[in-house]
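What follows is a pair of complexes built around chain A, which joins chain B in one and chain C in the other.
On to the complex of A and B.
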């Protein structure tokens, strides 16, 4: 069968089988979002390998499966015991199988000027506000998976930090999968807005309590107003059998600073899309990440940075550790339009290839239409240097440990920039367990 | 301690060592001198277990055990330490973490308790002061961006921490100024004991002024062609290697 038809059928079936669940959503604001997305989807085809940005992606294995939104029965007695920050020193938001879980969340001591909440917990008025903002941003308009996320909109998080407010405590968000009879479809959205001069730190973690097969299809929309400052960590540690698709859409006003680190470790199939756009000058956007690939794993990072304003800075720095016979895709695009003078845009993607039969597709694309810019890109695929191994072993360090140290050392080129020690330590732990 | 007998080694089809014999007893310090390319580093690497060399024939016993039965790390764990001629930079590997991992790996297999962070920190600071390595270099990545002299000091620091039974220094003094040379010499002298042996590969007799080796060997044409006391080093410094090579050819 034609691959584009397979995708369309899959989506229609997914929609049909989840219809009763979607009907239950009585919130008008959300209904509007759903309706608009469904309308939009009429003009889109589900991705297939004939589309350039999906050519490396094995979508058929996804389209062979049926995923279902979780019904409303609350899942109790689950225990997320692994947190990066202690409860008193952070705000916690937890979603289990795409549903907000108030028991596991904690927002103690939160000022009522600040909104940190699940959509479903907001007043009708605030829901309308958030929905309106989402509609205005209208991110990933032509991405069928993004529209699918909206068309089956279930719940999400809304974070709004008012002018001049600095949230000292990190906000730790956990999207947890917990297996049930069906293969779960999780479609959360988050909307993060930092008003002028506001600051916050958000960690989004994607995880599972077991080795279940499920499909996570989430979107995070972020707006940084003037001089706002957001640190945004994303840690994808899904089950080995998970399908993970997550998107970040970022808009930045004058002088805002976005620092982002992504870890893409789990899943059998994982893709992260990040799109950023400057809507003011003197803003900076720093995207970094580490991805790993084990046997049979597909791990994909797609980045699209648009410089349409002068005097902005962007950096993309990604490191891949390919330790199994899978496939890594890194697609980093930087567009500098003709008015975006004095742009400073750097892109680097390095891969450490530890096996023979893995595939790495790394594709940096710089499209530059301004003449007074500082742009560079570099990608490499390398192996462990035997002299480095010898040096460590000659100091008594066993071979497997030496190997791990060198792999972590490679990732360290990204991780050393993490200013939050607990996060850095947590990630170190995750990587050492993996390698 | 160490007994090398009739060692023949080639690299990429080229014969480098052609019948090398060397006996080192506990407590002895041996200096090895010789022209560039004569195989001094090859010998040092063979002792440490580095890949890429072909053993044609010969034997090496270390503490009465066949050295070729031991992996690189096992040799280090049993007390062989090679201060490399060209220490590599390890980007992303923190020097302190590396030193601790090295030390504890060796302690573990030898049935000693691992040092905790506090005890290790105290020890490493003490030894760093001894080799005059600025403490800030402990926080950096291993050898990354270190000057030539700093890399050599870092090697001696590792030797001071690991307290090997057989220390091999491969031109650790090359390119060093007099202060750094003193540090290297002190590093060797501080470890001198009746149980410990050293092989010091050098081009300069100046280092030997400080170290005072028990024996000086000349490695040329793939063999030890002459052995003698400290005076041999002085003679080499004055007359070069030409006369020895001629006598050897005759």
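On to the complex of A and C.
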């Protein structure tokens, strides 16, 4: 059968079977979001491989499964024991199977002016505010999975940093998923707003407690107002059975700075989408990441950087290590519109392909409508240089250790730019365990 | 800045020199396409039954296909029933036996285009096959070539004289189901060039086909098949022009190259179809399928193209690197100005061991034109130690044009080395200033810089073509100023 029809059925079934669970929410603001998204879904063609953005994505394995929203019975029994930052030095938020868990979260010492909260914990007034903002931003309009997230809107995080406020402590968010009787559908949406001259650091981690099979379908909307500065780390370290689909939509005003590092390590099927748009000048956006692929894993990164304003800079730097018989996809587009003169945009994607029967599909794209720009992209696919290996072996380093050193060195091109030592160390640990 | 803008516009508006019409009697089919038309074409050409069947099959399949819509192009809907699928200059008697018998008007046309078919071409040492609308009107130097065993003739003649060769290789590289326009071509192709180089022969001269669309309302659907047998070498040139008309004309050609073991084919194109006027009226739709197949070990296929014409270009000369150690190359300069659109690039399919490919693409976009590079590099699972290097550079002239790069890279073998790099820029004020300061006027400076930008590609062209290509570049894109 045609995969777009399969997709159509899958979406319909998922929506229908989860509808009763959703109707428990009584908040009008959320109801509006849900209704609008359901309406939007009717006009969309469900993702299939004929569509350019889903060209390399194997959707059939996802469409074969049905996922259900969790009914919050099992969430108390778990514990997150591994945090990057010590408890006193960070704010912690935990979401289990797409539901906020207040017991595991801690926001000690948080000033009243700053909002860091789960959507479900907000006052009605603030919920309306957040919902209204989400609706105005209206990102992912043509993305069926994002609209599904909205249609079944259950919970998420709302972070609002007021003017001239710097949050010193990092905000560490853990999305924990684990299996219950059903295959869980976990779909948080988060909204991060930094007002003028505000500054914050957010670490989002996606993890599994066991070898759970579930579908994580999350969205993040980020708005950076004038001269705001956000450091955003995303670490996807889920189980071998997880399906992960997450996207970030970023809007940047004048002079704002966004620094992002993505780590896509786990899951049997994982796709991260990042869409950025400049709405002011002199803003800069820095996207970096490392993705790895082990046996039977599909790992996909989609980047879409839109330069619609003059004098902005963007840098995209991604490294892929394919060390198992799986498949990696990298798709990065830089779009420079007619008015975006003096744009400086550089995209680089390098891949280490280390085993037979693995595959990498990469597609860096430039779409340029302005003439006074500096744009380039570069892509490579290669193996470990035998001379490098020989150099290390000649110094008495065993082969597997040399191999790991070289892979880590390759990833280092991204990791060395991480200014926060604890995060850098944590990622190092994750990578060396993996390779 | 205003003075320079003027020069740009003058230069961009430069007229199309090949836009004249030749008045000759022609036998032209009524517009329209059905099985009857196809049988009539086949009958006129006295084709063997298998070819008629192939055409009918292609037509049937074409009916169920849709035109490709994935390219970065705005293509107005084409009504295939308004096109005449066959047009041939009326022959005196049984058709020309030698150049003397060709309509002097046609000879004159080719002279005006700078392609003298007559003997003085001996000095240039190029054998020419001239295709006028649907049919080949003249092929020069056939005797000299046949001494070397080289077959160089029109496709119609090849079907009569070498049916086995044609049957063996025809549609083996581009099957009729390959894409919408290839299917249409297989159904209605009228003529084209056939080349066969026997084993271990180095073709004694450059071979060339010159395509000219003359009649209005016609489409040109030619088919070229070049076979280089083991250890042989051939360099082949292709040029095209058409009269200036307000209507759009369709050119849907298919080119198939087969390189057996140790053979080399060098295929160069200077495409200068009428691009339409500054309002975008008229011009040729150039929807061409070109593919080369390196069937044997150490085969080598090299595509070089200079694309300056056509209202819309949709063209991806490709190499299938089947043989071990085979080499594929693609060198391209694509220039778009006015309202021209080009979506062009290449596919390098690595299947054999130690296969290598090089892609160098230079796109120049001026006025309101859009120029897209779209390329695929695929390293198959068994292609050990495959190597590819791709470089795409775009030059933008003016702030209303676009330059786009869409490379697809698919690697399934860990021993592969694949590199892709792309840049987009404009001619910098500094470069211009430097040249002007040394006494070059602006035009000369720009011409020099642009020629430098394209140098890597132009140096791949055979000498005669390089001269023509440089001239073309000069008239079409000197106005590059930042």
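Structural remarks
Keep in mind that, in the parts below, the second predicted complex is superposed on the first by the 434 of 435 C-alpha atoms of A that agree within 3 Å, B and C clash if a C-alpha of one lies under 4 Å from a C-alpha of the other, contacts with A are read in each partner's own complex, and residues count from 1 in each chain.
By our rule, a contact is a pair of C-beta atoms (placed from the backbone, for glycine too) under 8 Å apart; a residue touches a chain by one contact, two chains touch by 3 or more.
This structure is a prediction, so every number in the text was calculated from the model and none was measured.
Partners chain B and chain C fit side by side in the overlay (superposition on chain A).
Within the superposed three-chain model, A:388 lies in touch with chain B and out of touch with chain C [touch as defined at top]. Between chain B and chain C, C touches the greater number of residues of chain A.
Of the two partner chains, chain B is the only one touched by A:411; chain C is not. After overlaying the two complexes on the shared chain, residue contacts for A:42 are found with neither chain B nor chain C. Contact with neither chain B nor chain C is seen for A:421 once the two complexes are overlaid on the shared chain. The superposed arrangement places chain B and chain C with a least CA-CA distance of 17 Å.
On chain A, the surface touched by chain B in one complex and the surface touched by chain C in the other have no residue in common. Those residues of chain A that touch chain C in the shared complex are 52, 322, 338, 341, 351, 353-383.
Those residues of chain B lying in contact with chain A across their complex are 48-51, 71-73, 75-77, 81-82, 84, 87-88, 90-94, 97-98, 101-103, 105-106, 109, 141-142, 158, 162.
Listing the residues of chain C that touch chain A in their complex gives 70, 72, 379, 381, 394, 396-426, 482. Across the complex, chain B is touched by residues 385-388, 390-399, 401-402, 405-406, 408-413, 416 of chain A.
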